[in-house]
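Chain lettering (A, B and C) follows the sequence in which the chains are written, and residue indices restart at 1 in each chain.
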Amino acid sequence: MSNGHIDTITILNEASHARSPHPNPDETTSHSTKLPKDGSQVAGYPQEGEGTNVSLREFRVNARIGMLTISDRASRGEYEDKGGPAMRAWFDRVLTSPWQAVARVIPDEQQLIEAALVELCDVEGCSLVVTTGGTGPALRDVTPEATEAVCEKMMPGFGELMRSASLKFVPTAILSRQTAGVRGRSLIVNLPGKPSAIDDCLNAVFPAIPYCIDLIEGAYFESDPEQCKAFRPAHAKARQP
Amino acid sequence: MSNGHIDTITILNEASHARSPHPNPDETTSHSTKLPKDGSQVAGYPQEGEGTNVSLREFRVNARIGMLTISDRASRGEYEDKGGPAMRAWFDRVLTSPWQAVARVIPDEQQLIEAALVELCDVEGCSLVVTTGGTGPALRDVTPEATEAVCEKMMPGFGELMRSASLKFVPTAILSRQTAGVRGRSLIVNLPGKPSAIDDCLNAVFPAIPYCIDLIEGAYFESDPEQCKAFRPAHAKARQP
Amino acid sequence: MSNGHIDTITILNEASHARSPHPNPDETTSHSTKLPKDGSQVAGYPQEGEGTNVSLREFRVNARIGMLTISDRASRGEYEDKGGPAMRAWFDRVLTSPWQAVARVIPDEQQLIEAALVELCDVEGCSLVVTTGGTGPALRDVTPEATEAVCEKMMPGFGELMRSASLKFVPTAILSRQTAGVRGRSLIVNLPGKPSAIDDCLNAVFPAIPYCIDLIEGAYFESDPEQCKAFRPAHAKARQP
């Protein structure tokens, strides 16, 4: 089965920024239209001016996923980033609708994490941002604080379910402070640093993610139900573009 | 079995306001004595001046339940309020002690929700306020934020258990941000918007509610144990008025 | 089996204060070296100047556990403190590495609780502080608020698991607002007031506590695995001093 990964056109139109909590006019302008570097168009995507406004908006919303590795050692190159590739491999295996990854590796500094989250949400237009690392109790672990600082709405059910799922494997799962929240049209979800724990957590919470992103008017994601089945209530299934 | 629903006399005496977090002298005065609109007295309830101070206080505390429907469409009349009647039907079926419903329907505006919660707690003297709607991730969903803004104490165990109970039915249960908290002598509990989910959540958390309201010195509630059994520790059972 | 309880030398060196969030120069100075009141040295502990800096630091970190009973009645002597001795008995039974208890009994006053937590963490150098009492919904229950006020990082997984574990015994477990958090090199964990519930909660969360304290660079604790097995990931087991 095709994993659906293609390089999509990223068109951040005015509408997709209108509800951004911290709009930056410069960013909105400079990124209002982004084309693939090779100038190509992507098959199956409507060109500007095609179709109705409604369907255009549906298509224009970016099916982008930000993947933020937060690690002092990985950011200095002392350590191979394993969390980022593990998140990427999970979505490559599970998603069937077109999507694009936007990856970053940064150190465990709260201001840098906040800035990276804001950029992935507001500038890169990612409907989903997943983070790996920095959720433990140690002094340098500040990912949850950075996440809370940039979100308007916290989603406590994600952290509860991820800890509860991880507890089946290790009693130290309660040490993870991972959380999730909404910023504008983006959902941010903290994942653990360890690749096997990333899979356990995504398997637990992903079924609710596509419908959550529908509700915040982000992109439409579809998954291979044999890998991880996304759940949408009956009334929501008709929205599919 | 009688559902115990009667129109009770509402006497908000000074004592019942003394620990209110945001006392409004005007409200306390103007609502210090409220009689049924038809001027009747309620059988079985002591009149002012009867009995000892202690038993009077027990009887005077209002066995009122505020039922707040939070929905843009229902408040405009575009949509029938189904959450409010579902909450009412649940308590009608389960409670056996006398109680009174105070219902409101308002739009998803945080300031209006906060004002309605304050009025139901401080002016109407509801020992319990249940809300329906506005707990999801969408832009207009602000019920948990309004609840937190008016409570002195948050009760995270309610949200955790309601999400955990709903997860048995739908994986999107983690998208509910519902919470609970205490304001003065009132317990506020957020319930979902969907009537069947309201029942699931009340079945999960109600067993702890009457004892919680005892602890904050609210009214005494009794339930039909065959419908939903309220739990009180052995030492608390003697308090029954 | 020896319970490992001895009167340890408490040496709060500069390093152990360096990351304290609210350093108090007077406290740091006056408590920079504390010897047992009888002037003795403790067998098996290195004296100042012995060994390498690294191993000294390991040994100097205080294996102290603060035990804070929060109860108006117990602090006035109207009521025997049962929570404090129950916590002490649990650790006496479970811990096998040397440790020392630092007990306090105070009323349910937020400022006093905060001051006692700060003193146990920053002055007494307790790597772990457990509290009993004050976690319910009543007006005087303010232990979670005091805990949150003095911690830099909250650990929501502790409260979630303790409530979930207690729910197997009583439906009113959701009324407990107990939480946990990190202050500097100290972990603070709220426990219930009732001795049997203290045991249930410690049995649930203790397996993650020694590794959590490793991560915040506190003391090294070992337990009798037949009583309650502490879990450390494979890579962490080598750290043992």
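Keep this in mind: a residue touches a chain if its C-beta (ideal position, glycine included) is under 8 Å from a C-beta of that chain, and two chains touch if they have at least 3 such contacts.
The structure presented is a predicted model; accordingly, all values stated were derived computationally and were not measured.
Taken as a contact graph, with one node per protein chain and an edge wherever two chains touch, the assembly is complete, since every chain touches every other chain.
Under half of the residue numbers at the interface between copies chain B and chain C are found on both sides, making the touching surfaces mostly different.
Averaged C-alpha coordinates give centres for chain B and chain C that are 38 Å from one another. In chain B, the residues that reach two or more other chains under the touch definition are 156, 160, 164.
Residues of chain B touching chain A in their complex: 136-139, 141, 145, 156, 159-160, 163-164, 167, 170-177, 179. For chain C in complex with chain A, the residues that touch the partner chain are 19, 153-158, 160-161, 164, 182, 187, 205, 207-208, 211-212, 215-217, 231-233.
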